[in-house]
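When the chains are written out, they are named A, B, C, D and E in that same order, and each has its own residue count from 1.
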Amino acid sequence: MNAIEILFWLLSALAIISAMMVLLSKNPVHSVLWLIAVFFAISGHYILLNAQFLAIVNIIVYAGAIMVLFLFVIMLMNLNKESEPKRNFWRILIGIISGGSLLMILVSLIRQATEINNKNALMESGNIGLIKTLGKLLFSDYVVPFEISSVLFLSAMVGAVVIGKKE
Amino acid sequence: MEIMKTLLAFIVLWPLVGFLVNGLGRNYFSKKRIAFYASEQIFASFIASIIVFILIKNNGAQGDITYFNFIHIGKLIIPFAFKIDQLSAIFLLIITGIGFLIHVYSAAYMQQEEQAHYGRYFSYLNLFIFSMLLLVLGANYVIMFIGWEGVGLCSYLLIGFWFKNDNYNYAAKKAFIMNRIGDLGFLLAIFWMIAKLGTANYSDVFSNVSQLSTTDITAITILLFIGAMGKSAQIPLYTWLPDAMAGPTPVSALIHAATMVTAGIYMVARSNVLYSLSEVAQNLVAITGLVTALFAATIAIKQNDIKKVLAYSTVSQLGYMFLGLGVGAYTGAVFHVMTHAFFKALLFLGAGSVIHAMHHEQDIRKMGGLKKYLPITHITFLIGCIAISGIPPFSGFFSKDEILAAAYAHNPVYWGIGVATAGLTAFYMFRLYATTFLGSFRGTPEQAHHLHESPSAMTIPLIILAILSVVGGLVGVPESLGGHHALHQFLSPVLLTEVKYETTHSTEYMLMGLSVAIAATAIVIAIVTYSKKPQISNSTGVGKLLENKWYIDELYDAIIVKPLGSLASFLKNVIEKSGIDAAVNGVGKLVNYSSRQLRLLQNGQVGGYILLMVLGMIVIVLIWVNDGYIYRFLMNLFFAK
Amino acid sequence: MPIQYYIILSLALFCIGIVGVLVRRNAIIIFMCIELMLNAVNLLLVAFSKMQYNTAVIANKATTVGAEGQLFVFFIMVVAAAEVSVGLAIIVMMFRNTHSIDVNFLNRLKN
Amino acid sequence: MISLLLILIPLFTGLLTFFLKQEKTAKNFSIFSSVITLGTVCIAIFFAQNNQLLFNTQWLPALGSRFSISLDGMSKALVLLTAISFPVVFIATYTNKYKSSHSFYALMLLTQAGLMGVFMATDALLFYFFWELALIPVYFLSSIWGGEKRIAVTFKFFIYTFIGSLLMLVGILYLYFNTVVPSFQIKDLLAAKISLKEQNILFWLFFIAFAIKMPIFPLHTWQPDAYEQSPTAVTMILSGVMVKMGLFAVLRWLVPLFPESAKTYSNIVIALSVIGMIYASLIAIKQDDIKRLIAYSSIAHIGLMCATIFTQTVIGTTGVMLQMFNHGINVIGLWIVADAIEQQLGTRKFSELGGLAQKAPSLAILFVILALANIALPLTNAFVGEFLMFNSLFQYNVWVAAIAGISIILAAVYTLNMVQKILYGNTVAATEKALDTTLNINWMLIVLVVIVFALGVYPQPIIDLTKDTVNVIVQNR
Amino acid sequence: MNAIILSALGGIVMMFTGIFTQNKIVIKNIAIITLLLLLIGNLLHFYGIYMLHVDVKDMLQFNNFGLFFNTIAFTSTLIYFLLSGTDITKVGINVAEYFALIFFVLCGVSILTSFHNLLMLFLGIEILSIPLYILTGADKKNLKSNEAALKYFLMGSFSTGILLMGIALLYGASGNFSIESVPSTTSKVAEMANSSILTPLGLLFVFVALLFKVSAAPFHFWVPDVYDGAPSVFTSFMATIAKAVGFIAFIFLFESRIAELGPSSRIIIPFVIILTLLIGNITAVFQQSVKRMLAYSSIAQAGFMLFVLYSNNDISSEGILLYSVAYSFATIGIFAILIKMKDYTFEGYNGLAKKEPLIAAANTIFLLSLAGIPLTAGFFAKYYMLLSAIKANGQNALWLVIVAVLFAAVSVYYYFRVIQAMYFKEGNPEIATTNTSFKVILLALAAIIIFIGLFPTVVLNFLYF
């Protein structure tokens, strides 16, 4: 077991535990923090996979911007306490059972898949995750979606205005 | 031929025109004009019938006279055609002749009716004559059936003539429905013929009779006979006839005694070719006739309504005729039809005269001693009674004797019962006569005050019919009594001559003597018993049974009418409402119910929605994992090869 | 790394996200769980991208094979950001009106 | 071309009538229109050349459906019936008051257009179109101008029929994919290659649609309610003409398209029909309402016709064609009487009626004649039809004919019951001040009675009309 | 491409209009004019006339089918603006923004009718959805509107997650995002299903996500609540144009790939169809509010439209276009009337025919069309669907088709309740005053529906000219 594998398992464990903690934390602020931990773990995976650009963007956009926004909203609403006084046991049970069974089915299916046998994700090496490569691709082949995503932003902006503007 | 065609058309059309004119113009014409017009139309037919009769007598019968094709589909051709031969010629005379007399009689009898109803009455009578003529003249069973149902309709209309009275209406309905039961048999017989032979023409059916199997013939004849049972009031379809006395008395005379009820006889006689080939059917006809004759006679003994007695006697006499048909004495049966038409019309009209005089009182217990008030009626009525009792040389004797002789040849037991019935007939007829005309008057003084002889328009027909009742038998004097049976010879081209009943003259004499003796004895007993002290108290035991007509009406009510009614109610209230309709509405309710339940899924909870979505996903993935197994399973289930 | 590991890891994260959506009542946390699901997808895409690259390298077809997967992740992030802005705006609006973001109380609309 | 006119005249006059706000104008205009249609029908039937009776043009080329109608022998009788019944109904109900009557008459004329189309279409899709076109206006007519429970009852009727027609649509579609050339033309559908198993499935899809329309036991429960609740003018059309759609469709489409299945299942269909006859007759005996009684009697009569169709003989089929016409005439007459009674006396219950013959003699006479026609008395039109039909049924099976024959007796029972309870006996409170019928009703009834007798004595004209097509249908099997 | 660019520009134009003027009528008219330009621009595309020549790198592909759907969508929107434009301006103060958002939705529609890449699918769906979330919550003071927006948003995002997972799995199998690339031979379906898991699994996820968008059961739960809670005027838009486009996306995606789901697709799709028909139709029966009934009915209609997946042939493709036209036109009309009503319950419609005969007549025609009664466009819409199913699967499709028509009969039940209320019941309905042009447009719309009901091929001929 080399360092990469050790890192892989560590990060995976961190990601899954943190993800669980997102659910388990009673305080929304804690949830946010645990989610940020997940994002960091995932960024770690990106780095392992040599997708440096995404790793950075993930930290900046997700952990840095989006989650701060979440935190901000939670604070704004003064929700930094336990907000769910009563938890419905059955609901949790059913939720876990159905989510769990979905996972079970999917995993068992994936394990049967022969097409991905002996296929590996290349770790560390490979330069496709570099800004240079991605940038070239983004502004050549992917320029149309890039432009179109601007429309998406426009609409989101207008939407935020509509919703947020006081009447 | 052309003359015949025109004549027959007119014979049939005159009454129809009379019906239409009187029916439509009943509010505009005077009573006199209505009566005159109606009678005149029938009289014209009668004259034409005589001409036809003479032509037939001289030239013999000819082929069918076709007017147009009633139905023509592919190979099935049902022409609107008439067949005029000896048999129908005789019936033509009876129908138009007696019909005319009764028209004349009715003109006076119905005088008290309002003008509109008067017109209605005569138009019905004309319509009846029209239908009866169609029945008799038709050259195939379908045309006969048209007339057959037509007379049923007229009977219905005339029984219910006084429609304000619900009992009368009920009687009318009963008559029609019982007739319809018979008609169904008749219809099925026609279908059978058409199915097997492709035709319903008499000539074609009779000439192709060899193509029919014995089963076919038996079935056809029995089905035809069921029709005849209905129309001619044989057991078990006889109960309508006594009730039919609800109609005006001339109607009873015309329809329920002289003409319509003999349609069954006519039909069987017409189909004699078929009946002769079926032993089973013949026996059935004979036994039915015999039983009916005896049975009706027993009931007649205890009836107190003057018309009811006559009605049961009609049933009984019709039984005789069927006995004759059954034992192969077709001519005898037709002969009896004729004589019976004379004396029964006479008796009914006489009874009508009595009722007229008694102001619509029909209970003989309230009569008595009418001899002196109604002399003509009395005499003619007496003649009728003698004639029906079979005392020589009155007409009834000859016809009845011919049937009895044939019955003896066929089976002496038949003869024995026949003679016993003849004795009963004589007994109840003279009971009637004695109670009505002899003794002292038992009605109210007011009635006594009004008692008077009927007007001449009524008495003249009585007299004519009385004469015919006396001499009518002469056309059929058997050889044993020195005659040569003119009727027999006349009808021989149409009716098969069965030689089965060849008996020696001495036997015949003995039989005649015996029957006359029994009848005479019965007459004496009846007169002695009833002329002085008529039975007024209610009878008991067997008497009560007879008085209540063996409780047959009640029996029918209990085993047919009531169960049918409850079945209908059951179907209407349970099967229809709570069964089928409830099932249909149940589908709607089910949809509504499931709607109410299903919408609870939409409980407003996002978590719940997503949960169901996830479950849906799981199901879809599972179906997919099954890899078509469920698909194949379902396909095999629904579309198994 | 065998690609199965990554697939299973992301599926696990994905399902945890789903479970979170199912069990939590706080709208914001539900939303966060959805973000978690998106991140699981991102991880999977990156892993697949490297798998594709690996396959291409083995087949000696070097190049930018697999970069598309990573670009897709980029777009997902972009969209997620847009979505978050709108979503949080809606949640805030909701909170302004009802002073609650508990989805259990969202049942004016039902049946 | 002239056949197209038969659809277009009522269609356009119907649409026009929507805009005639004056009650009188609308009435007179619709009578005028229906008389014109009748005239056109007469010209078409008696004078036009055969090729003038066809109309065939492109409609939906992509679907292989053509606007093709043809006035052949089979449709002639029913088109004539449709054309006769509308003016008769309009005139007989002339004095009836309807709120916003222009819409009423407009919808009636649209119904007529639909009916004409149904009877003439030779393209399956077109047929389906007209089938529904005839239904929708009736839905509105009954629901707006009907009785107390009209909405629910009419809706049941509508849904029932609609389900049936949808099943038929499925059948049509399936057939369409098995034709040699993609087409809905009847001749192409006839040539479709379908296996026996497919035929059997399709047979039921079509049959259920038609059975609901006729209606055949046990799919009949919509009918008495619908007849009772609809305004009588609509009921006349419903029972006089519309139920013939089902029978006609069986003759025109079902039997020729699926001859083997029709033979295979003839026993089931005939059994159902005959059970229905007896069942409906028995229930009719216990009815206390004129309209319901006529409704059940109608079920019984239709049952006989349906059973006969499946015996597939020339005689029987001719009888059915004839009887479709006759039954229409007779039942419309009965409805006119029922309406006259209800309009004047305000009740339809036997228990509240009686002795009407004294007060309204001419109505009584005409009523009795129509009632007798209803029980198929000889020399009325219905006799010929029933005679032929029973004949055919008898050839199919003796016992079936015998059992079905019981309905003849039962028909007499309930019809005479009705006549007796309404006309005879003494007058009661409701009939105390009754008057005889108005002139328009009288004359329309007389027209019908004349037809009753004319066809009863000489049915050959109608038989001749249908002769050729009947031979085609029966020989086709 | 014209449509995408113009609709995005249209959104921007409307945004700026809001800055320059507050006059609602002006804004509305500008929106109508912009939409007309958009429509014209789209039509020009048919003739190969472009505003810009963009190298789309195979991300998008334009064909007549998609362009034709665009035309339908834009025309529907135009009708919608004409009928309900005034009502849009009454929802809140951000009038121009509402129109802008609608234009952005149309941009999403244009993308979804031409995407050739899963990325574009994803972006298209998002561009379509995000403005809709906003529009749902546009009535900010209304708690129902808020609730609907939140529910819509949460569930919509969830489905986006599902969609992305599907896309990721497909990417894992094929290595790119083009919708055409198929990794292995599809000839032996059964064999492939055993060896390949990623493709079908990915397709299943995408399938589920799209089912959510087209509101098929059991992913329909958002529909009643959202349609009910959203401002009625936007419900109209959401239920028609935004929904129909989901099927176009389905067609593009699944045209060639449906077989990759393996033979199970033969059972999954009928399962979904029947469940959708069942829930949509049956639940609609008991509704008290017409608006909510229409929400369920839109689910039911989706059940019919899903036949396009079942049959997946040229008839079904034509049929879905016809269906979109029939369904959109009728629903827009019904909603245009509904918005004018004060009371959304069935009782609120009582006696409408007496008060507003023309509106009631038009409404009747719309309802008849939705119910699929012949002589209306709705009939042929359903007809094509059934036709395609029988063509595709013959005898095996028969049972499904029969079930579908039985549910169609159920649908008559609730559509006719409105007709019954309008025509057969007495009442005094409160309806906002309407001007003549509204009625004229309404009747014209009804006339169009009847015209299509008589000559559906006229519409479809556009596809092939």
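Convention: contacts are C-beta pairs under 8 Å (C-beta built on N, C-alpha and C of every residue); 3 or more make two chains touch, one makes a residue touch a chain.
All of these numbers come straight from a predicted model, not from anything done at the bench.
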item	value
Shortest chain-hopping distance from subunit A out to subunit D	2
Smallest number of contact steps required from subunit D to reach subunit E	1
Chain ID, smallest distance between chain and overall C-alpha centroids	D
Chain whose average C-alpha position is farthest from subunit B's own	A
Inter-centroid spacing, subunit C versus subunit A (mean Cα positions, whole Å)	5
Whole-Å gap between the CA centroids of subunit A and subunit B	101
Subunit C and subunit E: spacing of chain centres that average the CA atoms, whole Å	26
Centre-of-Cα separation between subunit C and subunit B, whole angstrom	96
Touching two or more other chains - residue numbers and ranges from subunit B	588, 599, 602, 604, 606-607, 610-611, 614-615, 617, 621, 625
Interface hub residues of subunit A, defined as touching at least two other chains	91, 94-95, 98-99, 102, 106, 109-110, 116, 142, 145, 149, 152, 155-156, 159, 163
Touching pairs among all chains present in the structure	A-B, A-C, A-E, B-C, B-D, B-E, C-E, D-E
In the complex, subunit E residues that touch subunit D	368, 373-375, 383, 386-387, 390-391, 394-395, 398, 401-402, 405-406, 408-409, 412-413, 416, 420, 423-425, 455-457, 460-461
Contacting residues of subunit A [partner subunit E, same complex]	106, 109-110, 112-116, 140-145, 148-149, 151-152, 154-156, 158-159, 161-163, 165, 167
Interface residues, subunit B side, partner subunit D - complex	23, 68-74, 76, 80, 116, 142, 145-150, 153, 156, 160, 163-166, 169-170, 173, 176-177, 180-181, 183-184, 187-188, 191-192, 194-195, 564-565, 567-569, 571-572, 575-576, 580-581, 584-585, 588
Complex contacts: residues of subunit E adjacent to subunit B	150-151, 154-155, 158, 162, 190, 193-194, 200-201, 204, 207-208, 212, 217-219, 221-222, 224-225, 261-268, 271-272, 278-279, 282-287, 395-396, 399, 410, 413
In the complex with subunit B, residue positions of subunit A that touch it	91, 94-95, 98-99, 101-102, 105-106, 109
